[in-house]
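The structure under discussion appears below in the form of structure tokens.
Going by the order they are written in, the chains are A, B, C, D and E; count residues from 1 in each one.
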Amino acid sequence: MKNHHKRISKKLGMRPGSVVYVGKETQEPVEISTIDYSEKELKTEAGLDIAKAAQFKDSSTMSWINVNGIHDSALVEQLGTAYGIHPLVLEDIVNTGQRPTFDDSKEYVFVTLKMLLGFDEDANIKSEQVSVLFGKRWVMTFQETGEDVFDSVRQRLIKTEPRIRFMSSDYLAYTIIDAIVDHYFLVLEEIGAQIELIDDSVSVDPAPGDLNSIRKLKKQLIFMRKAVWPLREVISGLDRIENKLITDMVSPYLRDLYEHIVQVIDTIETYRDLVSGLLDLYHTGISNRMNEIMKVLTIFASIFIPLGFLAGVYGMNFDTSISPFNLPELSLKYGYILFWCLAAAIGGGLFIFFKRKRWL
Amino acid sequence: MKNHHKRISKKLGMRPGSVVYVGKETQEPVEISTIDYSEKELKTEAGLDIAKAAQFKDSSTMSWINVNGIHDSALVEQLGTAYGIHPLVLEDIVNTGQRPTFDDSKEYVFVTLKMLLGFDEDANIKSEQVSVLFGKRWVMTFQETGEDVFDSVRQRLIKTEPRIRFMSSDYLAYTIIDAIVDHYFLVLEEIGAQIELIDDSVSVDPAPGDLNSIRKLKKQLIFMRKAVWPLREVISGLDRIENKLITDMVSPYLRDLYEHIVQVIDTIETYRDLVSGLLDLYHTGISNRMNEIMKVLTIFASIFIPLGFLAGVYGMNFDTSISPFNLPELSLKYGYILFWCLAAAIGGGLFIFFKRKRWL
Amino acid sequence: MKNHHKRISKKLGMRPGSVVYVGKETQEPVEISTIDYSEKELKTEAGLDIAKAAQFKDSSTMSWINVNGIHDSALVEQLGTAYGIHPLVLEDIVNTGQRPTFDDSKEYVFVTLKMLLGFDEDANIKSEQVSVLFGKRWVMTFQETGEDVFDSVRQRLIKTEPRIRFMSSDYLAYTIIDAIVDHYFLVLEEIGAQIELIDDSVSVDPAPGDLNSIRKLKKQLIFMRKAVWPLREVISGLDRIENKLITDMVSPYLRDLYEHIVQVIDTIETYRDLVSGLLDLYHTGISNRMNEIMKVLTIFASIFIPLGFLAGVYGMNFDTSISPFNLPELSLKYGYILFWCLAAAIGGGLFIFFKRKRWL
Amino acid sequence: MKNHHKRISKKLGMRPGSVVYVGKETQEPVEISTIDYSEKELKTEAGLDIAKAAQFKDSSTMSWINVNGIHDSALVEQLGTAYGIHPLVLEDIVNTGQRPTFDDSKEYVFVTLKMLLGFDEDANIKSEQVSVLFGKRWVMTFQETGEDVFDSVRQRLIKTEPRIRFMSSDYLAYTIIDAIVDHYFLVLEEIGAQIELIDDSVSVDPAPGDLNSIRKLKKQLIFMRKAVWPLREVISGLDRIENKLITDMVSPYLRDLYEHIVQVIDTIETYRDLVSGLLDLYHTGISNRMNEIMKVLTIFASIFIPLGFLAGVYGMNFDTSISPFNLPELSLKYGYILFWCLAAAIGGGLFIFFKRKRWL
Amino acid sequence: MKNHHKRISKKLGMRPGSVVYVGKETQEPVEISTIDYSEKELKTEAGLDIAKAAQFKDSSTMSWINVNGIHDSALVEQLGTAYGIHPLVLEDIVNTGQRPTFDDSKEYVFVTLKMLLGFDEDANIKSEQVSVLFGKRWVMTFQETGEDVFDSVRQRLIKTEPRIRFMSSDYLAYTIIDAIVDHYFLVLEEIGAQIELIDDSVSVDPAPGDLNSIRKLKKQLIFMRKAVWPLREVISGLDRIENKLITDMVSPYLRDLYEHIVQVIDTIETYRDLVSGLLDLYHTGISNRMNEIMKVLTIFASIFIPLGFLAGVYGMNFDTSISPFNLPELSLKYGYILFWCLAAAIGGGLFIFFKRKRWL
């Protein structure tokens, strides 16, 4: 969060449509790679330059151009210009703080969303801005680093799975977005497992560490919610717009994708309910412990303070020689034994009293 | 929850429309059974294979094919293909984490929803994914296990109840869904009874076990809400879509069903209010107890600490022989009796003070 | 609530449209009575049988048939069939757990809603399911018991008030519903009075009984809300539907009724806000009392524990004969007086300290 | 609130459209006054009777008839009938519990809303029901008492301000409503000032009185919200309806008025947020004080209880003459001094311990 | 807030459309300046009078007239009249409490919004009312003081950046509003940084100052929300209205701006969630500390009160010479050593007891 906003200041004062990267600074080299295929053959290339990447636009084969590293704004701008992308769209591609959104023109459809890669060592969700564009015979994806969730898509392309190779670019784009959304479930699974773990711990005995874990869960869910919620509108929007690039065939898949996203959102909301229940449970545990501490204190104090008073009484120095009314107990033969009996009676009485109140 | 999500990972990377079971693993054998009937006669068969089950599609009689055990994805896929079901629908049938939804084509209408079977020994709601499909002269139901709530429907079919036998497949499908929704009321009844039970317990004296029960109620209601809420849209959607398979005759029944679902949702929301009231009550009970503990402590300490001081004073060893100003009380004839009078006066005064404050 | 749901189980497994009473069991006899009137004369009859009651359907006079006691499902079914009522509507009439709803056909319009009769001895709202049906020249009302709020309507009919006698059946039905809604205000008045009472009590000194009262208020408001909220849609729905039985003349009255219901809902929401404010106030009162208890404890303990220590010191048995350094204070002529001065100084100092902290 | 509802019961059982006053009972005489003006001259009259007031309906000059005191239902009914007002509208005029609403007919437009006059001595908002009706060449206002916020409007009429005199009746009605809405801002200002005042007090040191003030603020805001919220729909409704009495010229003024009302609502919501923040702050202050009390108690008890034990030890009467192991400290030359050193060491150690914990 | 509302009272009773400044009083002189440019040349002027400023309305060059200081209502009114602005719009321009809104006529489009300038020394957001109007070949901006965020726009104009100079007035107006919205991100960045700072502090050890900081954050977010939320509707409204002054070319920019505003709102909501999490954390920290204080108190009291009683017992003066049953321990050779052993055993036992309860 900090990183993101620190960077946004860099852009202040520039004209709208300025292609300026605002994400984490990185030295990782940018890499352009392609998978170029027809129904019969498939060719993969990596380490392309812009000129080469631009050639795929009008080739008769289907091409998937993937760009790792959007921090090289200049490269993104040149490549985008070669494919006829509007500057405002290019601005969105490199703006890692961008909300999921979509745009379309006669030449291409543009979708940007968050790819969740898992958790880092601080239990924060690792996420990346991914932009997917597709035109008549090409799909282009932009991502922040080389780490992604597209291996399954690549495998299916390489294994000559019939459906995907025969289909139009919108289906490939859908497949890529679907792979990203599938990973949302993985991340939710992990969060669900954490919720159960903490639930078990907090139910038994809340430890301060649990509070921290609960807060992390809460932040993860706030983060996911922010990433997924707008995606719902994006997908239903894609299904509604009139654009020849989105074929009728892909429409049931988009609706299916929409259902998945709604399910992710549903689960996030359910988890939020559960996590807020955990917080309640934690506080209840804390206040139960407080209660127990108070009970122990009260029992000790209530039993021994009166006994202490009694002992104090027989430690008084009233002159017994002056009159028989002064501390006559002290001169009794079994005085000390009677004292202990009295102490035991008081202590026992209070013990029973507390027992009745179910404090013991 | 844990089980569900653990399984979803199995599906990652597969193409959309992959028919993969994601529910609890089970060894229970899959069983296909049918009730085949016309207005005049009715025939039940069990233990069918796919080929036989497929024959009912075009038979002139009305057929209800029920599949117990959707964990055999291959079987579901083959049967589905035989009846011309779209792969994405088959995927939804075996995906036990599926949200209630519906779909339709010229050949069939598809509805999936949650069947609530009651509570397991841990007070979790036992639920099953049920999918209902119907075509011109057939209804197919898929469920996870052999346990279901359809006995009443079967009875009505067998008993030759006129209405149900004469009617089209949409009415049978409605009857099945209605039976499921009726069981929602049963589960709510049970939850309502639990709420009253806990209410009684918490009102009198909140025990730690109550908190657990309240949390279970809360989770049950969160679970039910997630299961029932989307069903509302499903049923109103069924009533709105233009599909020849849904006849005008069934429309008032669908609206009636819709009303029932709204009533279930209403009751769930009311119960959520009541349960959150219970939680408040529990916390109030806890803090009242704390108050009481504090009062006992304060009374004992406030009465006996001053008395202890007094006893301490007369235990001091000031040299009475040096001057008459040193502890002259010790040499009084009734000194000890006066001491007790003083102690009683202090104790009594404080007692009245606390009485006035209504702490006693 | 308990009663309601216990009964619903009775209906499980029956076909939709089964007319089964699900309310409280009762032995009260069912009574059918009518008020039959034209502009000129009015005739009341009680204790009718179904055959007689059925005759009013096609009479040329206006008739109001009232049925007390819907627990006799068979009677309701027969009467309903005689008037051509749809089975699903009859099911709603005897289902006392029914949400307010309406339905219409060419022959009749049906409205069901809750009649609030006041409070029982446990401060629960006494309510009854009332169903109002009207056709061309008849109005039929079904209620659970003989107790109702329709006396004012009957008076107006009997007193030959011009408007009501000359008007069509929809106006009479409106008048009946209006009488029910007017009683909502009465119940709200009572709740409002209770809120003020409890407010006064809690502001001064929260007692445990107050919590109970607050919870009862909360439940009453939850109950009322559930009863009134759907009625808004019912009335606006009645005003919107195209049905010849609802004349233009009655439309401003329906809108007026709608406004009244919105006002009831508004007031309920305001009361919910106020009641949740009362709960806060109660808790604040409890924690203030806790604070006060702690203050008393702290003051006593903080003053007398140090003094006790001081007394303890001069009760020590160091051998004063060995050296002048051992407890020389004991041998001072004014030692004891100095001790009291010291004690007074310590106590007074702490007193001032607590005074400054505004604990006294 | 109490007053209002007590009165509503009076109306129970009456036919709809009964013109019955339900507000506070009052002996104040009713007064009808008019301002009758054309572009050139203006005439004010007070103390009119109904017959005279009725003449203004068809006069060629513009007339503003103002009625103070709607508790005289008969008068309102007669005047209303003279101007052709529908009975349901007359009922709304005298029903002081009426929600803001509007109605229109070919002859007149009717708006009822709440006029806020400021605060009474108990810090409750003083409000009055105001009804504004206007026809072709007349505007009629009904209010509960003689106190109002219309002086500015009267001044502008009298001062021959061109715009207002030349304009049609809808503009005058708008001007009157605008004057009422302007006073909402005044009341909000006062509430805003109170919020700041209490904020300052609570931030420093929460006093019990603050809680009361916060609750009053809360009630004021609940009250205002209930009064203003429906007005938004009223004004946007007025702007939308097709009625020749509402001219195009007044439309931007209505939109401006609408904006003002939205701003009032916005501010109310913001204030509610702030007030609930104040409540949090109050509770935090209370629990901080509790913490401080506990700290003082703990420090005193923790330091002096161990010291008291030490003093007790040297007050024991073990027989030192029997063996040198019994309380040898008592016979040391510097025993007493060593005792004080030990006591100082213990006290000092604990002092440092508490200092480190930052309790001091 | 205080200032704003104090001023509104000044306007009470004036006719609608009265141009009255209601913001902070100031002596700063009003300054009118212009940037007048064509594609080829650009001229800046400052210190203009109204007559001169009015000339730019019909000039063939594009002109940006900026007015610093709207407290001179007369000047605003004259300038506005010269440009044909509706009085209600002029009223909005000088009303610093105005909600973001827009209006349009054939001659001009009007937008008013809040410009956030950063934070003042009390951590309140410094904001200014900015109004942007544009006609065919002119843009006019009104602001409260000379401080603004438009330097970047001016730089781009001066540096002859092609796009901005060639474009129509709506694009310049968009650019100005975009510069304001860009600064919202800057303010959010700062708030985000503060949230992290306080998060770190509160996680470790909540200090009273943190509460204050949290409240300030909360107020800042409430303030921003109120400023930004209505802007969303304003921009989407601008994009929807049919007005020749808003060209098709600017439409994607408006949509982009809309997205930015939605993102600001999203971030504000996320921050509100985080801040309310901070408050929870603060309270948890406070109650944890309370717990710890209670533990220390309980440990000290529970260990030393019983030991004190023991010491008291052996300080009793039972007459050992009378019988061997009276305090025989006092006469043991190792009595004192046994006493210490007993004390150590009791203390140690309790120590282990507390250790087991994990209080140590």
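Quick note on the criterion: a residue touches a chain if its C-beta (ideal position, glycine included) is under 8 Å from a C-beta of that chain, and two chains touch if they have at least 3 such contacts.
Since the structure is predicted, the reported quantities are computational estimates derived from the model, not experimental observations.
Peer 1: In contact with chain B and with chain E at once: which chains are those? Just list them.
Peer 2: Common contact partners of chain B and chain E, which must touch each of the two, are A.
Peer 1: Counting one step per pair of touching chains, how far is chain C from chain A at the shortest?
Peer 2: Contact-graph shortest path, chain A to chain C, evaluates to 2.
Peer 1: Since chain B and chain C are copies that touch, just let me know if over half of their interface numbering is common to both, same, or not, different.
Peer 2: Since fewer than half of the residue numbers are used by both chains, the interface counts as different.
Peer 1: Rounded to the nearest whole Å, what is the centre-to-centre distance of chain A and chain B, using the mean of the C-alpha atoms as each centre?
Peer 2: About 26 Å, centre to centre.
Peer 1: Express in whole angstrom the distance between the two chain centres, defined as the mean CA positions of chain B and chain D.
Peer 2: It comes to 42 Å between the two C-alpha centres.
Peer 1: What parts of chain C, by residue number, touch at least two of the other chains?
Peer 2: 287, 290, 294, 297, 301, 305, 308, 312, 315-317, 327
Peer 1: Examine which chains touch each other and state the graph shape they make (line, ring, star, complete, other).
Peer 2: Looks like a ring, each chain touching just two neighbours.
Peer 1: Note which residues of chain E are touching chain A in the complex, please.
Peer 2: Touch list, chain E to chain A: 151-152, 155-156, 161, 163-164, 174-175, 178-179, 182-183, 185-186, 188-189, 192-193, 196, 203, 252-253, 256-257, 259, 262-263, 266, 270, 273-274, 277, 280-281, 284, 287-288, 290-291, 294-295, 297-298, 301-302, 305-306, 308-309, 312-313, 315-319, 322-323, 325-328, 357, 359.
Peer 1: Applying the document's contact rule, which stretches of chain B touch chain A when the two form their complex?
Peer 2: 1-2, 5-6, 8-9, 11-16, 86, 88, 91, 97-99, 101, 208, 211-212, 215, 218-219, 222, 226, 230, 279, 282-283, 286-287, 289-290, 292-294, 296-297, 300-301, 304-305, 307-308, 311-312, 314-317, 320, 327, 329-337, 339
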